[in-house]
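Look at the two complexes coming up: chain A is in both, with chain B in one and chain C in the other.
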Partner chain A sequence: MPRKDLLDIASLDREEIEVLLDQAVPFKELFTRSVKKVPALKGKSVLMLFYEPSTRTHSSFEVAAKRLSADVTNFDVAQSSITKGESVRETVETLQSMRTDYIIVRHKSSGLPGTIARLTKASVVNAGDGAHAHPTQALLDAFTIKEKFPDPTGKKVLIVGDILHSRVARSTSTILKKLGLQVSYLGPGSLVPRLGPENIQRFTNYEEAMKWQPDVVYLLRVQMERQDVQFFPSIREYHKLYGVTDARLEEIRQRGLYIMHPGPVNRGVELCDAVLDYERSLINDQVENGIAVRMSVLYHLRPNA
Partner chain B sequence: MTVFITNARIASETSKDLPTAHILIQDGVIKSVGPDQAAPADANVIDAKGRIAMPAMFDAHVHFREPGQEAKETIQSGSEAAINGGITGVVMMPNTSPAIDSGTVVAQVLEIAKKNARIPVYTSGCVTKGRHGKELAGIDGMRSHGVKMLTDDGDSTGDPAILFRAMQYASELGMFFASHCEVPELAGPRALNEGVMSYKLGIKGSPACAEEIIIDRDIRLAHATGAHIHIQHVSSKLGMETIAWWKARGDVKVTAEVSPHHLLFTDEHIGDYDTHYKMNPPLRTKADNEALLQGLIDGTFDLIATDHAPHTPFEKSQDFVAAPNGITGLDTALVSLYHHFIATGNFGWDLLIKRYSAEPRRMMGLDVPTITEGSAADLILFDPEAETTFTADFMKSKSRNTPFLDQTLKGRVDLVILGDEILLQR
Partner chain C sequence: MESILNADEIADGIKALADSIRSKTTGQEIALVGIRSRGDEVAERILTLLAEDDDRDLAFGVLDISLYRDDFEHLHENPKLQESDIPFPVEGAHIILVDDVLFTGRTIRAALDSLSDYGRPGKVELAVLIDRGHREMPIQPDYVGITLDTDRLDHVLVSLEGADGKDEVRIVKKENS
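Up next, the complex of A and B:
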């Protein structure tokens, strides 16, 4: 049965993940041509419903939709009447009346894209909801890793940082495990939950985590704005204990490890400046691959008639 | 009015036996109960056909939302939901708008109840003005209108010094305290239990210790002041064990209640962000369910109370964090407890009557009805062979926010008699 919505990674099986990733390959090849567009979604409308500010994910989806020849509309949440009091149902009914085919939604509330998906015939793509899921980030991460490791089975990815508040950690670890990789978490005790993550080793000490011998070090953005109370004493202390410092970068270089980051990076927090020039940094690959997998996702989904 | 109920099986809090007898009710009083008697000529004869007669239930924890939030519930609709569920008395919580924090508001509420409710409706009063935790509410004003229970339910009384002084003051006036237990700083957005599910759903959870700390704090305050403390809607095993520990000491007057949903559901029922499993304290784990059930049986919990908390469909259709806490309970409590615990043999009618009819009335200082000669007529007939489907139409509450919506469970409340009136007959 064709899939209407992409809300999380948990509901995808390995086969469907492989389809989404394989399909992204020819889309990526387009990017080197002079004409980067295909008419796959010509005449279809894509609506961007971003309740949270985002530059990267927003532009990535917008570029992806336009390269598929879809018409893209931004539903300007900041200037619309949407406040806490208005029901999601009313907003969705408005969108339904516009006969939108695809809705790309980002919201601070976990689970909200699912609510919207149940209320509309349009295909809904979750572009990040609270600390719940960010499935297209997970797909682009998996795509990026598979470019380096065509058979990634058994490869080890160490995800570092604020696991507790991170939808990226949740979705990316889920997809990597479905593809047969191993995942561990590293971060301050206050930000790496003891209960919840299944079959994921938990480290709170950088050196211990390195002994696990990861192939990829995946740094999460330290999101100060999500911390309703303080989870660690200072940025300086975080950088010292969990950041990729110059010395740690040297060790990473010697071991030949890849570094990934969902962006935007905090220099001097989760990484030092030199990481950005590190030859095995995949951060820019992630951005480019993001467009390709998002094209693949939009192409894959089928709105209800 | 004379009512003669034939062939009823009589249940009581003191015996597991259900002896068959006829019950004669005249002018609101049970005149006789026995196997060998004939119906008086003028009697309304109801053949129970082996259905179970028992004293009606009493719910010591309900939110009737009036004044101020009548879209959710009114005293009238709430009390009709109670009757629908075999309940003939309730204690309202004071988190209305305005809050029930003075003799004036109590008088207003009781006047509405007298006019619109067919059962006695009691109300608790706030510990602090507006439930803000800053200044003491009008305690003697409320007492003079019959208030016995003081609580800032919905929240804990944040400042322990205020609660300490309130206990010293109001205990001398014969009042007692009921505590909603929660450290707000630990509870986060107060959406669900902290654990596997909160991680999976990506919402900050409220750890059980947020509740357990205040359970212990408030019992300690009662211990120090000589007050009677009643712990509301306990959800965690360790919270229950804290109460048991204090009860075993025997030097503080502490009672406690458990709600049907904390016996029946866990945070896993939330599934895909189903707000009908969102309440505060939150649903926890299977181990908590099992421990709480033992606590209900062994007497750590004196009573069952629903925490009946109606909300409109719009409010509950919001996203999980924004949706308000609470579910309705009056329409469904008795049948759901029968279906899940009595029909399955976990406990008998005697325990249910003790915990949901007799003990809550004792806590409130009320007469306890029984099916015996001379007792006030305050009874129900329950059919254990029938079923109830909780459709939207079945529910008398204004709201439908219950996990039991459209479920069919074993058991049915068929008759409710209070005094000289038949309140419900199916």
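Up next, the complex of A and C:
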């Protein structure tokens, strides 16, 4: 029975995850053709409902939907009646009347995409809700790691930064665990939950974390616009303690570790400029894979008739 | 369920395809493109036969047409995707599409759409191991291995060595209700 919505990683079993990832491969293959588009979702409508600003995730979903030949409509929240006090329920009823087939939602409140999913026949994809989940980011991260490690069982991924407020950390560590990888966290004590899911090991010291011998260093974005800033003394201090500095990049290079980051990068904060030219930086792969994975997700979900 | 073609008959069918392709395209550059799944295996076997006494370079590719199907709405679940692999330039190429069974013609319609997204072929021909009739589209094969007389509702099940472990064609008769 096909799934209607994709709200989080926790509710997917390993087999479903493997299907979504494996089936993203043929979509990625399309990107090398002169025509990158296929007619699979011709005549279907995809509505982008972004209550929070996002350039990358938004355009990635938009490109994915268009490459499947769906029609994409942006429900421009800033200019919509939502600012005039329309409730989410009213918005969803409006979308229902428009006979939308897929709704891509981002919202600052955890759980809102789930609420919308229950109110509509359309398939709902969570594009990030509060500190809860960002399932397509997790899928693209897992896909990117699997490209480098076709059998990733036992591989080690160190996630660095503000774990506490990060939906990326939550979803990505959940998917990696489900696929049999090892995950640990590194960050300021104030930003790393004492007991994460499944007792994930936590480090507060970079050198200690390196002794754990990770295969991938996954840097989270410091959310300058959000609460992060108050959790550590200064940006310079953060870079010195947890960022990939020039000296650390040299060590990472010698060990042959991969570097990942969900973007957009704060240069000089999570990582130094030289990382952008590092041959084992997977940051651009993540962007490209994001489109393929989101095509796979849209292709597999089935709206209710 | 009756087995109506055995391994020898299937081998003869594939040989007949290879022979007619060879005699009609002598000296020309051609590319065989098999349609997943089983069309690719038929294409590979034709390629092997052609290569036996032919020193021209024969290009080979595989097409998965799932994303081009016209019946998504009617399927319970979306078809499992596999990779397409067209490693040669399609632009201007003389392509022979290969499939195991030609029935309604809808798969071939989808394959032609898919192919045109790789480029503009110079010429496209169609080779099928079995033509079972009942077309719903104006599509006819250029090369046929075996012609079978079937009922519209019959299921023609093709098993091939590579995919299924043995060569066999069976027909499941649909009970008229």
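Just so it is clear, the second predicted complex is superposed on the first by the 297 of 305 C-alpha atoms of A that agree within 3 Å, B and C clash if a C-alpha of one lies under 4 Å from a C-alpha of the other, contacts with A are read in each partner's own complex, and residues count from 1 in each chain.
Note that in this section a residue touches a chain if its C-beta (ideal position, glycine included) is under 8 Å from a C-beta of that chain, and two chains touch if they have at least 3 such contacts.
Quick caveat: nothing in here was measured; it's all calculated off a predicted structure.
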item	value
Which superposed partner A:Arg33 touches (first chain B, second chain C, both, neither)	second
Broader residue contact with chain A after superposition on the shared chain, chain B or chain C	B
Chain B versus chain C as contact partner of A:Val88, first or second or both or neither	first
First, second, both or neither for A:Phe149, with chain B first and chain C second	neither
Residue numbers on chain C that touch chain A, as the complex places them	64, 66-68, 72, 76-78, 80-85, 113-114, 116-119
Residues on chain B engaged by chain A in the complex (per definition of touch)	185, 188, 194-196, 198-204, 272-273, 314, 317-322
Chain A residues touching chain B - in the complex, by the definition given at the top	84, 87-89, 107, 109-112, 114-115, 129-133, 164, 167, 170, 193, 195-197, 228-229
Chain C-facing residues of chain A, complex	1-2, 23, 25-27, 29, 33-35, 37-40, 299-300, 302
